[in-house]
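Across the two complexes that follow, subunit A remains constant while its partner is subunit B and subsequently subunit C.
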Partner chain A sequence: MSVQPAPGIVDATARASLWLQPHRIILIAVALALFAAAAFFMRWDWIPQYYDLALQGLWRTIWILVVTVILGFMLAVPLGLAQAAGPRWLAWPAQAFCTVIRGTPLLLQLWLLYYGLGSLFPQFPWIRQSELWPYLRQAWPYAVLSLTISYAAYEGEVMRGAFAGVPRGQLEAARAYGMSRWKVFRRIWMPQAFFRALPTLAGETVLQLKATPLVATITVVDIYAVASRVRQDTFIVYEPLLLLALIYLIITGIIVFAFKKIEARIPVRVA
Partner chain B sequence: MLRGLFNSVQIAVGAFGIGLLIGTGGAYGKLYGGPVMRDLLEVYTTIVRAVPELVLILLLYFAGTDLINRVLEAMGYARIDVNGLVAGIWVLAFVQGAYATEVIRGAILSVPQGQIEAARAYGMSPGMMLRRITLPAMLPFAIPGLANLWLIATKDTALLAIVGFNELTQETRTAAGQTKAYFTFFMAAGALYLALTLVSNVIIARIERWSRRGTPSVAGGGR
Partner chain C sequence: MSPSTAEAESGAAEAIHIEQLHKKFGDLHVLKGVSLSARDGDVVAIIGGSGSGKSTLLRCINCLENPTSGVIRVNGEEIKLKADSHGHTVPADRRQIERIRSKLGMVFQNFNLWSHMTLIENVIEVPVHVLGVKRDKAIATAEALLDRVGLADKRDVYPAFMSGGQQQRGAIARALAIQPRVMLFDEPTSALDPELVGEVLKVIADLAEEGRTMILVTHEMKFAREVATHVVYLYNGLIEEEGPPEQIFGAPKSERLKQFISNIH
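And then the complex of A and B:
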């Protein structure tokens, strides 16, 4: 996206001097000065008090992100497959599902599940007596469910394109080799589609990270909820939010970096 | 709820429009601006696209209203209560602007160089070139990305519910809380959002066809 084309082979020192132009040094100095000013003049004395809570929140954010991305992707594969190659009676519901989920705000879906389903469930005695009831009374299953569904719907659309983009000849060749349909899927279709979808998946995962603070609205204590709580307890408005923004920036950086690493390992050249 | 929907649409339209202006300016700055301008815009788009909208909305909402009031006080005016609608529009526009910058930058880059050079050779002023050549020529490339942005804008308005603004989602929750019929109301709100999306899709398809008029079809093109 914003990566400029590499000008041939440039050795590391030349690249560093290209990057460190005079105006950049000034900008970096300004940024450092702003950072130092923020560190000195703003109030950070609340940090030790909320340190443990913040770590817990951070852990919960990452946990929700990882779980929903994995579960969502597992759902997205059949969704994409159904739309790309399935019979009409499978393709149509899958498409409807993706359209509906992508057409409504995630916040609404989350509240629909939590407040809507959450208010319906207690009316049924057999649900209250079931083994799952202790979980259904908590907020996080709804959070995980709605984030998973949302990721699955967006990714289903991406995977549809990716599955459809694999050249037909390759699949036919695999069939001609006598591979079973399942083997073709596992060895040819799925890996190629996955590689094609990978850059988009990276972007979608960042979007998913940016969706996680919504779970704070249904009382799941993630890192965002911790920041809100600091704000309510101490009436310090900016500092927690700025720190929060910094944390999200760092997590985004890690996600992008991880996907770049995976992408670099792709053995094939996608034309 | 219909009032909420109206508010939502109003915010989405406002934010999208201002976001487009920011995006066009930003894209121009990124492509033709000086090195400092370029780096600053890079920082802007990177940060806005990496930090959750919710956090940005809170930050800008509080910081923005606070800043305006401080400036007003410094200038000797009384504090004003910033209108939620206006604040919402500006905050979302700021977010949209970052995404629009990237979309429009990409679209301008896909305009064939020769067209812009030809326009320059005709002696067009930069403003005229922008109006007559660059904008119309990049439109077909930008429409899919901008359409996505518009849909995001409509859905991002739901986030303003968290700062207590009475848009569709917030109105729904209030109504649902009063009647205890959570499920029905949220379903209805979902249907409204979905209708908004579907209607937008139809309109976008029409606009795209209009913007592509006169360009060779790219049937089978890998996009």
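And then the complex of A and C:
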């Protein structure tokens, strides 16, 4: 026994040598060369000047993404449930909402809310005098609202399918053991529907990330808006855009990784 | 008519009482006035061809199907029914039906173990979240039950990783965990591969032996003959013949029952 190395070490070295195959080594070398070329031949001297603004923009992009995904999902659950199992007077409006929102461009919705609704509000003195006014005169609430609505509509459709896909027998067993409607929903229906929807939700959240730059069109300074600012100020075009692409890629990687982690906690694909 | 005068005289309390039960699905008249009762300790086997209404009858007992008309009493308590706005009969008191259901241990043809929970979580789910039993107490009970049905080693396994027979034995443990007044079996072996039927029947036979009150819809005639105290033959939504198993299987009177039994064997 003592002469043999521990099985874990053998596995690790074997895996490493398997992973470092010739084509991988070449690809890594190409990537490093590209990175070095970008660093040496392109202009990055603008970065220190815009560093703080970029951090603020990045932070804004991230919180807008997180907040709209969470709020949107909270709306998507009743929207999906209403369509999957609700009475007609609930199912129909839910379906209409999802269809209208999914059938029109997000940019259009954003502008309708900001330039339309946002310009109507100041005409009413009671709105101007209300405590909400300090928020309503800013741009970000309109950005959050329209991104939330958009995510809710797409995920409402996803959740409709997920709720409908839970086998009847699973819910019947819950009813047969005396669970109330709410308990059936909370303990059986919702968890199983959520697990079913999870892979789709991961993809939709990545799409949501890539919808966030639209808020720059209504004066919300997210990371995309910062890149545009750099271009306008310095006439440097490619460098900020390349860096922007890299930042979105990294955030996407984090989203995919986070959802993988959550998915891994579901030990079984629900049958 | 009560199962037999001997049982009536034994003085055991009536666990299930069904009177003139009718069930219609649209124009389809599935149950046409069925009366049935089970006293504590009875094992009632309901047999019959497909479409005879036997599963519907069982599912009416805990209102998984709402009867169109008739009286159902569980432990002497009559299930209150009312007509909804569409004219369908539904339970009048949601609380009452939930309370009654939590005393009836139902075992399904397709097991219906909750697929997002491990076996032990399945077994403690209803005690903890419906009956309000303390979690560690429920776990102790559940472990004993799993041991009893021979699944102690599957404690933390998800249903998808268990065979049909194991899932069904797990489902029986889940039903036992609520300390049911009556066990309801809806064709518990019909979805199983033939070689797995035996292990499930053995568990059910053990329960019958210890005097549990059970109502069992089954296609396993040999098994019904062995464990049942009373056999009901359903034909076309009506009780065609009923009696003790020796009589039903040994000396059937009705032509249809004779034919049914000879077809099965």
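The rule is short, and it goes like this: the second predicted complex is superposed on the first by the 248 of 271 C-alpha atoms of A that agree within 3 Å, B and C clash if a C-alpha of one lies under 4 Å from a C-alpha of the other, contacts with A are read in each partner's own complex, and residues count from 1 in each chain.
Here, a contact is a pair of C-beta atoms (placed from the backbone, for glycine too) under 8 Å apart; a residue touches a chain by one contact, two chains touch by 3 or more.
Bear in mind that the values here come from a model prediction, so they are computed numbers and not experimental data.
After aligning the two structures on subunit A, examine subunit B and subunit C and state clash or fit.
Overlaying the two complexes on subunit A (C-alpha atoms) leaves subunit C and subunit B fitting together cleanly.
Is A:169 touching the first partner subunit B, the second partner subunit C, both, or neither of them?
A:169 sits against subunit C, while subunit B stays out of touch.
So in the superposed three-chain picture, is A:266 touching just subunit B, just subunit C, both, or none of them (first/second/both/neither)?
After superposing on A, A:266 lies in contact with subunit C but is clear of subunit B.
Classify the contacts of A:177 with the two partner chains as first (subunit B alone), second (subunit C alone), both, or neither.
In the superposed model, A:177 contacts subunit C only, not subunit B.
Mind working out whether A:93 is in touch with subunit B, subunit C, both or neither, as first, second, both or neither?
In the superposition, A:93 contacts neither subunit B nor subunit C.
Going by the contact rule set out at the top, does A:195 touch subunit B (first), subunit C (second), both, or neither?
Only subunit C is touched by A:195; subunit B is not.
With the two complexes superposed on chain A, say which partner A:187 touches: subunit B (first), subunit C (second), both, or neither.
A:187 sits against subunit C, while subunit B stays out of touch.
Once the shared chain is lined up, is A:78 touching subunit B (first), subunit C (second), both, or neither of them?
Touch status of A:78: no partner.
Taking the superposed arrangement, what is the smallest distance in Å from a C-alpha atom of subunit B to one of subunit C?
Nearest C-alpha atoms of the two chains are 17 Å apart.
Both subunit B and subunit C touch subunit A; at which residues?
Comparing the two interfaces on subunit A, one with subunit B and one with subunit C, no residues are shared.
Quick one: in the complex, what on subunit A touches subunit C?
Interface residues on the subunit A side: 169-170, 172-180, 183, 187-188, 191-192, 195, 266-271.
In their shared complex, at which residues does subunit A touch subunit B?
Listed in rising order, the residues are 1-2, 21, 23-24, 27, 99-100, 102-109, 111-112, 115-120, 165, 206, 209-214, 217, 224, 227, 237-238, 241-242, 244-245, 248-249, 252-253.
So in the complex, the part of subunit C that touches subunit A is made up of which residues?
Touch list, subunit C to subunit A: 62, 64, 94, 98-104, 106, 108, 110, 112-116, 125-126, 129-130, 158-161, 178.
Which of the residues in subunit B end up touching subunit A in this complex?
So the residues of subunit B touching subunit A come out as 35-36, 39-40, 42, 45-47, 49-56, 58-59, 62-63, 66, 102, 106, 151, 155-159, 161-162, 169, 172-173, 176, 180, 182-183, 186-187, 189-190, 193-194, 196-198, 222.
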